[in-house]
């Protein structure tokens, strides 16, 4: 952090060729909605910046908007040249982006677009798409199980998390036609505060008490999925009732290998992190980034934001090995103890 | 003096859960007179006072003030009628200082602002008149006062106001010789100014020194209410300890009557 | 009796922040004797007691017990030496019942289990010996006791143990006539059994009735410690109120000396 | 009234109560507001009726069994908090402390491949160490417990994140640990334990009466004692009868019956801590310090040591709560012990009648209060409301349950028994 | 020592203090442990030094200015909580109450297109209504405030979700509201307000001395009064001087200078509530009820009304906190007022020296404590630690700040002044 405020007058915003040294600030949102922020993104971003010899200050706001802004204030006052954020909500996101812009700092929306935020770049997966994959995954598993008129329970993410709403939008777009067509029966549908796994356990246990015929569970991520699986196990129903997930966590993948979970959604976070860090490094080095070839329309301002867009992938037992091959999880983490045999079976 | 009592209690009953503490108690307080309320420890004196001042609600009985039956539901009602009480357990706020305690609930104001200088001056005057010699500052917290100093503050608090009836529950228990004399003098002065005064005390010398009437409680019953001049020291002590003395007092004790209430242990046998 | 004091205090100083309460106080307590500690309200009697019992740490001075200098840092140290105290503010736990309070810190056990029957029996015996007549149950919470009943419990608590020195801070303040007599008798009995007893009281009759020596505190200084037989009632009152009487007591007061401590208000002028 | 008067040593006259007089006395105390846990139990019954009417599944054997494991973590933390609250202190870190202990167990089981009989004690020891640290800071440094445990609340969150490598979930597969919160006792054993419990209670009660009578002290009339024993027997045996019914969702596939294992675990700790608080010197001292610290100090009670000890008990119980939470979830994550767990636990103790100002409370309060919280969560889960409405109803129902209690105590205040 | 003795009416001898004797006296009180907010301020300075050494940016004008808006929500909620805590009550719902009030303002501004001068008062009125409801339940129904506000904590979370249509964020664009937390006063006005504040303080102090002297009562020596005024003047004017420096990162693009608008808002409420607590009958009664409810009741104080009123003040201040939070975030979301806001706010009050048992505390405590919390958050933000470590360090630093205070008070206890 030394010496970098000597050139804080240099505008690094739009590709001026100032000094090649400069710091990048990254604010990640939380650790509760998904383990990825603390385990994957942090690691990949750090590696990428280190490899490029660019200093990076990466912090996590722990789901706290106030902390989010405080961290941003700190980064701005410590003179970063690029600020990359995963917003916690539109408003704070915009407030931070505005403040950064006023200070002449280049901005990147990472993973979540801040509507009307006016970030210079956007790098992301499509969250609605994630939901669609989950919905489709569940449909596939139910088809495979030859379930007739199965009752489907939905265990949604945190009611206060906008992403959870987007996921739900995605999987409902797949499931709703099935409900309406009478193929599936809509079962209980509840949200889990704070993505809290323990509460998810109680909520799902009560769903099952209320309707013993639940034959499929759409769980919004692997943690919630695992909570549902724990309850199913208790009732010896695991493996018979398909459960979905997201994030391709070790836990989720192990549940898939066990046959307790039907699918998860893998977001190649390394790709996302690399894309974003590439942008940031270019800006810091005073070059014009070339990788942001796509664009996405800001729904509020109507402007086109230069973007890097990545596609999520469905993971089932058949392609668990791809995740390992990608280096997202290591074989050692995944194939502990009893899973060793199952790993071999799955070709890992 | 006047033949009609200022404050009159009739048939007061009071129980705490299964324990009945007051049985059909009556008491008359006359203006210009000091009525001493005496009784053994646990006879129910303090309970009776708290019934009058609205801290406890009575189970049965009537309270008459200046000839009108009144209902006293809270200490506010009592002070509204002009009844001031010095409680045995003092009831001071430890986190406030002497002046703040003395004017609690009746602060002097100038506009909306507390008039501290006036209050401080009045408090100082009152305390000085009660022979308080060792208080270091009027702004000392009550928590740090000595036992006697606390009691003086509580007394000073009650006499600052224009009231009709003043009830003092063992006011001199913790006081030194000089302070006790001052308080007894004050009690007499209050009565002479036409107030009704009730003084609770275990000290027979004090009782006979200032009181006009003596009311003796025995195990929650009013044993007798007599003129101070009509009884002797020894008679009062007998009333206190056994509820009767000669032909005054309660009818001979029927044990079953007292034991009728469900109680676990009734210590009582003199060894 | 024995010429060496059981407990001896020398040169005790104690301040609370800027206020010095005890100045160079000395006191000797002899076995088999009742030493009365007298003084005006706020003279520092209770403070002195709390210094001895380890509630307050002294600023200067020495405490000698049976000829050995001792350091008393906590009430445990004091009771370890065999010093029992009845505090003026009683120090009972309102949320515990009578028996529980009386045995607090020294519960009887059978194995690891509390021996409630034994404790209840012992408590009942002790209370009965103190003329307690109106306690409804030994399992009554202390919070619901009358003032006098609470005081009796505190006294009973202190005399249950085998101790060397018993200090009673105004133990009879709230007691009735019969109970007071019992407590005075108890005090005398303790001394006769060879204990050192310190009795604090504002009642001169009580003081002269039981004490062998009288120590008078005046504004935080020890004015005199004399044999009870050598002084008169009036002399003691004079010692209390002015610090000297004839040729005993403090040298004539030098106001600057007392005012040397930074204090805001020193009420003191008799009107 | 027919009372027989006996005289014991020491000249204390004793009125020997009869069954009638005892009931009368009890009624007097109830009217006078000395209610024990009646109001909280009444609140519980009211709640159960509300939910039972709204959803028929509420009164199923399955749902009844669910309640035990659902409430376990909160009940355990609350039982420990009762000790802390009895001293007028607070432990905001209990929730995350349970998470940390659970995580330590999970890590030892999985990453280090240790057996449950190593991992579980390790978690408990962690709890004890945590409690000691908290207590030491509060007692010896004199920092208010709110601040110490707020700092610990933050610190343990961090430790949990670090332990879990920055937010991963760790799944456990140790059968023994998994069974703790998810399995049931065999039917025979269920009945056995229930009978042992009832008989044990009866023996203790009768022995009590006998030993007091032998001293000539007042005893409760035999009729009352027998009624008390009968009441407990009915509750325990009826509950056992329900729980030994078949309640499997899919009886063809597998059979689920028997008392959930957590039930006797809760019962054991309930009895243990009730015994400690009511029958030992230590418990007496805890109440004394909570009621009047200065009086306790003057009585020679080592106040600092008591203060440290309650935090140790608090964190120890939290560690057991954490172990059960991990068992139930089959995994541990950075939010184990987070969210509302702490507020619910303190709430459980307070609803049950424990005072935040110290000196007043029983361990059974935590269990009854925990049951209230669990029933609300359980019932709301059956209602299938959307999140916003669910929060609001949970709040309202909590308020209803608490106000039953408040109204009862209100009467108490009116009669002067506060 | 040279003391002059005067005699006032009533025969009370008065020792008139001199500057020397006053300082001596003050030192005696400090040694005796009567420390006011010195320890908390000392803790604050220690913290600032730690962070200043670790990160040079900590001591920049920009960072100093950031502190105000960063601490605003916690400080406002804490100021309100001081009243609640003074009565020995607690308000767990203050955080979400501020969120609800903020949401109401945002909705009126955006969905209903109302002006700020309608929306802001509406939010404040909402706060008052909330406080009234809470207070009513606590005072009239006698439900413990922990339970009532726990229920409200849940309920408001639900209301917030419903208001925001199930988890959406509402962004606001009203300039006036946005400026509240994000803009600064012009340099001229900054100086003007600073001077008015200093002069006002001086006048009040001098007038106080004059009016007491006129009655012949003891007054602080003039030297001490002047020193106090000088100390305030220095603090205020130095702060103003720093804040009126240019602190833009990019002064070419835009200029940022002047005192943040929140600073005078905090100051106004600090003065207002300090006045209310210290100089009005109402404030006196709040302390009395908190110190000894029964004594207050016997003195004829309407205890229930006081109890309700503190909840009203608490929720009212929370509503202002909510307004500023929404302003700072440019938006409201279902977690506004959630997370650690509540614990931080209570912590702020407690660190500053307010007791959870009632009767002891000042509004300035909340501001100093809020500053401690804000400095920790701000400083940790500059350190760039990873999440786990950050939590742990935050906890440790909080503990350090609090132990400065605890050690000081520890001495106080040793001298008997507890």
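Odds and ends about this structure:
Order of writing sets the labels: A, B, C, D and E. Residues in every chain begin at 1.
Here is the rule we go by: a residue touches a chain if its C-beta (ideal position, glycine included) is under 8 Å from a C-beta of that chain, and two chains touch if they have at least 3 such contacts.
Since we're looking at a predicted model, the values are computed, not measured.
Hopping across touching chains, the smallest step count from chain A to chain E is 1.
Chains that touch both chain B and chain D are the following: C, E.
For chain pairs A-D and C-D, the one joined by more C-beta pairs in contact is A-D. When chain centres are set by their Cα atoms, the one at the greatest distance from chain C is A. Chain D has its Cα centroid 39 Å from the Cα centroid of chain A. Centroids built from CA atoms put chain D at 44 Å from chain C.
Separation between the centroids of chain A and chain C, computed from CA atoms only, is 73 Å. Residue positions 16, 55, 124, 127-129, 144, 263-271 of chain C are each in touch with at least two other chains.
Contact of a single residue of chain E with at least two other chains is seen at positions 11-12, 161, 166-167, 340, 386-387, 390-391, 417. Within chain A, residues 31, 38, 42, 159 each touch two or more of the remaining chains. For chain D in complex with chain C, the touching residues are 8-12, 211-212, 215, 217, 279-281, 284-285, 287-288, 290-292, 294-302, 359-360, 417. For chain B in complex with chain C, the touching residues are 16, 19, 39-43, 45-47, 88-89, 124, 127-129, 131-139, 144-149, 152, 170, 173-180, 202-204, 219, 237, 240-241, 263-271.
On chain E, the positions that touch chain A within their shared complex are 55, 57, 60, 62-63, 66, 70, 73, 161, 166-172, 182, 248-254, 256, 325-326, 328-336, 338-341, 377-378, 381-382, 384-387, 390-391.
Looking at the complex, you find that chain B touches chain E at residues 53, 55, 74-76, 79, 85, 87, 91-96, 100, 104-107, 109, 112-114, 117-118, 120-121, 124-129, 144.
Residues 1, 5, 8-9, 11, 31, 38, 42, 57-60, 62-67, 69-71, 73-79, 88-92, 94-95, 98, 102-105, 116, 158-162, 164-165 of chain A are the ones touching chain E in the complex.
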